[in-house]
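Same chain, two partners: chain A is paired with chain B first, then with chain C.
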Partner chain A sequence: MALGDHAFVRRAPVAPRPPPRGVVGPLAWLRNNLFSSPANTATTILIALFLAWTVPPLIRWLFIDAAWTGDDRSVCLDGGACWAFIGAKINLILYGQYPPDERWRIVLVAALFVAGLVPLAIPRVPGKRWNVVYLLVVFPVIAFMLLTGIGIGLDKVPTDRWGGLFVTLVAAVMGIVISLPLGILLALGRRSKLPVVRWLSTAFIEFWRGVPLVAVLFMASVMLPIFLPPGVTFDKLLRAMLCIAIFYSAYMAEVVRGGLQAVPKGQYEGSMALGLSWFQQMRLVVMPQALTVVIPGIVNTFIALFKDTSLIMVIGLFDLLGMLKSATNDSDWASPSVPATAYVFAGIIYWVFCFGLSRYSVFIERRLSRGKLHR
Partner chain B sequence: MTGTVTPELASASGPETAIEMKAVNKWYGAFHVLRDVDLRVRRGERIVICGPSGSGKSTLIRCVNALESHQSGTIVVDGILLSRNHARIDEIRRDVGMVFQQFNLFPHLTILENCTLAPIWVRKMPRAEAVAIAMRYLERVKIPEQANKYPGQLSGGQQQRVAIARALCMSPRIMLFDEPTSSLDPEMVKEVLDVMVGLAEDGMTMVVVTHEMGFARQVADRVIFMDEGQIIEQNAPGPFFDHPQHERTKLFLSHILR
Partner chain C sequence: MKTAVVAAIIGVTAGLAAAAPASAATLDDVRARGYLQCGVHTGLFGFAEVDNNGEWAGFDVDYCRAIASAIFDDPTAVRFTPLSAAERFTALQSGAIDVLVRITTWTMTRDASLGLTFAGVNYYDGQGFLVPADAGFETAADLDGGTICVQTGTTTELNLADYFNSRGLTFTAIAVADRAEAISAFEAGRCDAFTADASNVYSARMTLATPANYEVLPEVISKEPLGPMVRIGDPQWLNIVRWTHYALLNAEELGVTQANVAEMLASPNPEIQRLLGQNGAAFGEMIGLTNDWAARIITQIGNYGEIFDRNLGAGSPLGIERGLNALWNAGGIQYGMPIR
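Coming up: the complex of A and B.
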């Protein structure tokens, strides 16, 4: 059979060449992303007009017309943000009614926490095991003794004097630290081969997912004392924090279960065939992969938890938002711009923490996906 | 309906027996996947199992290390009777290495960590010793330079060689291979088979499910043909390929040998 004209043998390789103009560079980016079609061009122009309409007044309210200093409402009648109010109430916003002379204890606890968290968050720093032991065992004990004054001879500060950002952070950290491990256990339980474990885990998860958090908080605050024997008290703040932690552990369990389902059966078999015990399989092979897959979901749950700590306001506890709200009732600061400033300020604080969490999760995701890009 | 039983297979297992299966039956739901399977593998013996898909050959070797449980019959591996006792199962798994069609490497661990995981956690070996052993086996499968990469960065053939090295790091007395080359690109089949041939030459007891008939001819002491959950025919590779006896075997070989 003659190949004739179809026969071909390459004699010289084709070298790669740079792309033509207009494929890369800022102009190409603009054209591709903002003006790629008439509809996109129209959308771009509309959004630009909307921003031109809203952003300048916002900046004027936030910065230009704002009152930065002052001792009472008289400085805040011009219609701009009343930052002077925030400045006057800053201790209340940060610490609540915690006795002013004892506030160093909160600052110290915060410093101890940051000292444990920062090295843990930076992957390069060695000694993660001791770091975790410090944060999960040593720190909570020290923090408890310092903050309550129980056991170390400091003045006792009952939790009804706790408040502000301090309470928000305590509730959020406690919620996060409890809900993740509890959620992992529940997720494993829900996939267990043992029927009793599976049913109990499923029932637990479905119960807590099925009731609103506000209802749970009311129940814990109003109904629990009725069932407890007389004389037995159970700190209200602790109750609220445990409610948040347990409530979110149910959500966390479902997030983690999603990750477990993403781990292929072969991973279980591969580790089983090597003789790893069930516990070792979970700890060394399955969980690291499952949790990596669901980092966005886990952080999403953390963020929701962080913001939902503001719901403890409904049972008379004063977290960041509750403290700001109650501070606006001060007649010395009665001005139309004060409540607006207070809520904007609360929003900024929540946003800073949540955005930080979000960025850190992106960083960790990138780091963990290293080397697995070709999968 | 029973599998081929030779007098030799019915004999009691001794120290020279690696695996002994007697009248093993297994069902997936109502589907009878293994039917009265009798099989005795001597120490140092190399056995190749072939057969059409769904014939139960993978299920059979997965029963040896209890990745699948059987419902009746007895399986004795390395002198240990396989039962539902977890301690016993783990004991068997420590001594039986397995290589899978899909490699099943741990993607979140480096190649070296894949190889040292089980020695460190299951055999309680000091890390330095486990690393030394892992490097020795990675050299043996000719990829020591990949030790610090992740599985996803390696080709299929390289991954499968790592999987073999990982199993060898546990110093197994028996190696099971479940279609080790079936999901590889054609260009990578040979590098994996070469490692397996080397292993066979060193006297490892091997049970290999594969359709690589060249490998079977070169290495196997015995070739077993399975269909519908039964052992249809078994023989030394020469007579097996050149003079198959059973009609089903002839048909199968006529399809895969061209």
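Coming up: the complex of A and C.
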């Protein structure tokens, strides 16, 4: 005599009732997230009004009124963005004044760089040591020979013809590759127990942190040639790139020092107790922990460095921004919307690179902190 | 010990000071190098532009190419160094460039204090006014009582006040920090006129939506003679730059153009013969060049009028009037010294 025979016993559970309308659904989401208090409501309304005021004209300018194709200024007089200008100048924006027949060299160098960087950036790929040797030793030599044409029988391309995104990337990569190791050395020097090393490192860091980058660039481009003996000219682009690298190594040193200070004293003492030499302590115990902690700071400095490469424009070098600015002074394209279009386009390119760097840093941070930190 | 250090420092300083003027014969350096190093603007409508293929073009750029043509018979034997206003003089002083052709105003201070000198005036600029074409202004004096958009912190602003005050006229200046902003204020109708150097006023007009609705008043209210600069201490090089300019002017005056220079070689006119180095005229040798130096310039680049027209004048989008830059016998003040 099964229980189920009784008419008053339910055979199936009661169907769940829908949750009250105030708790789920779009309305509830709106109420919880946008209108939860009078202050939030007011903020929401203000922001919505602001967006309604700014976004439609922006979309109009960027897309609807924009001129997408054309050969000169006449297509760009409707008040929208002048993308046709970017189209006409795209080779200039990417390669600067590099001779058109030699642009393949830049493309090849970029491909070699990506071929070295991508496997390095993906943790799963083996052979990191050789990868680093390739990227830091072999690649720079090949890139130098290909780009300048020195030593391999190609046409020589002087750096006054370099420009555009190409120069921005060269300056940024060179800045990053020099400033990180130099910064680590300076940070270690500043925490050293040897007084002379400590003083010199501190003086170096404080000097470079205390002067604006623009002033450094002006010094290098305006004052340095006066001090050099006549006839000795030292490539202007190289000067600017070294300035950026040295300047940022001081910032990098302070970031790394923050990481060193975050490593508990016990780690230093423990590694010392194991009988490790100072270099072994740093390489095996301290640095891996210190650098992990300061990844956001390091990437932050890289991003700042990347964007600050645009300052070389003030000394007459044509990086991405400088090239775009110079290109707007083409009388065939003089029109009201061209300068704005050029700056918006430069902004988009900088944003893409910086956002990419930032996302990769988040990925590395998550990976290194897996199972280690409580979050 | 101390004396030794001091002596060493003095020695080094003296060595540097002695070596400071870059080697005396710029022409020899240029020849040995195989190309001319020319300092230009980083980008200015009509004067120095980078075209879609990355090649330099413009009025100042053509002067560099003319000098290169005189030396090498090759207008491409030039390396251009784009320079900001701040570093232009240092670049020339330090020997990083051989000649500076970068819309530089010839002033007494610059002549006296830089160790550099001007080789001539290739463009007579001056402050001008841009007004709406239908507003009925004919001269700057018609702007009495009006509002004028001007960029702050420039000599333009001071010249404007000088001009109006000295004539007992009144005006209201709308001074904004940035040139582009001044132009947009003008376009929005916030002022009756926009003022800047005339060459700038023409390019400003280009960036307006409808340039045809605006016109440039005929007069200029200040003197801005722009010219190429070289280092003091090398008279031969100064002569090369200076006479390149005069050759361009004389060629225009004598009707020698890029198109007809080959026929003109046979011209019976003694002035043309002297210019082109025909009939035993040996003027190029006097300044270290070949006697066909001017013929090379005109064959490669054209004469002054052609350079002007192509980059700034009627043949360019800028459409700048010759004005003061017309030849002396055509209402202007460009005057080529006689080659004889």
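We adopt the following convention: the second predicted complex is superposed on the first by the 340 of 375 C-alpha atoms of A that agree within 3 Å, B and C clash if a C-alpha of one lies under 4 Å from a C-alpha of the other, contacts with A are read in each partner's own complex, and residues count from 1 in each chain.
Just so we're on the same page, a residue touches a chain if its C-beta (ideal position, glycine included) is under 8 Å from a C-beta of that chain, and two chains touch if they have at least 3 such contacts.
Keep in mind that what you see is a predicted model, and the values were worked out from it rather than measured.
S.K.: With the two structures overlaid on chain A, would chain B and chain C clash, or do they fit side by side?
M.R.: fit
S.K.: Would you check which partner chain A:Asp160 touches, where first means chain B only, second means chain C only, and both and neither mean what they say?
M.R.: Only chain C is touched by A:Asp160; chain B is not.
S.K.: Taking the superposition on A as described, I'd like to know which of chain B and chain C A:Val9 touches: first, second, both or neither.
M.R.: In the superposition, A:Val9 touches no partner, neither chain B nor chain C.
S.K.: Just chain B (first), just chain C (second), both, or neither: which does A:Pro100 touch?
M.R.: Once the two structures are laid over each other on A, A:Pro100 reaches chain C alone.
S.K.: Quick one: name whichever of chain B and chain C touches more residues of chain A.
M.R.: Looking at chain A, the partner in contact with more of its residues is C.
S.K.: Tell me which partner A:Pro288 touches in the superposition: chain B (first), chain C (second), both or neither.
M.R.: first
S.K.: What is the contact status of A:Ala273 with respect to chain B (first) and chain C (second): first, second, both, or neither?
M.R.: First partner only.
S.K.: Quick one: minimum Cα-Cα distance, chain B versus chain C, in the superposed arrangement, integer Å.
M.R.: Superposed model gives a least chain B-chain C C-alpha distance of 38 Å.
S.K.: Any idea which chain A residues touch chain C in the complex?
M.R.: So the residues of chain A in touch with chain C come to 73, 77, 79, 88-89, 91-92, 95-100, 158, 160-161, 163, 218, 221-223, 225-231, 233, 236, 314-318, 322-323, 325-332, 334-336, 338-339.
S.K.: Tell me, which parts of chain A touch chain B in their complex?
M.R.: Going through chain A, the ones touching chain B are 264, 266-267, 269-277, 280, 284-285, 288-289, 292, 368, 370-375.
S.K.: Show me the residue ranges of chain B that touch chain A in the complex, using the header's touch definition.
M.R.: 65, 67, 90, 93-94, 96-98, 100, 102-108, 110, 117-118, 121-122, 149-150, 152-153, 166-167, 170
S.K.: Where on chain C is chain A touching in the complex?
M.R.: 16, 19-23, 42-46, 48-55, 79-84, 86-87, 90-91, 93-96, 180, 184, 187, 203, 206-210, 316-318
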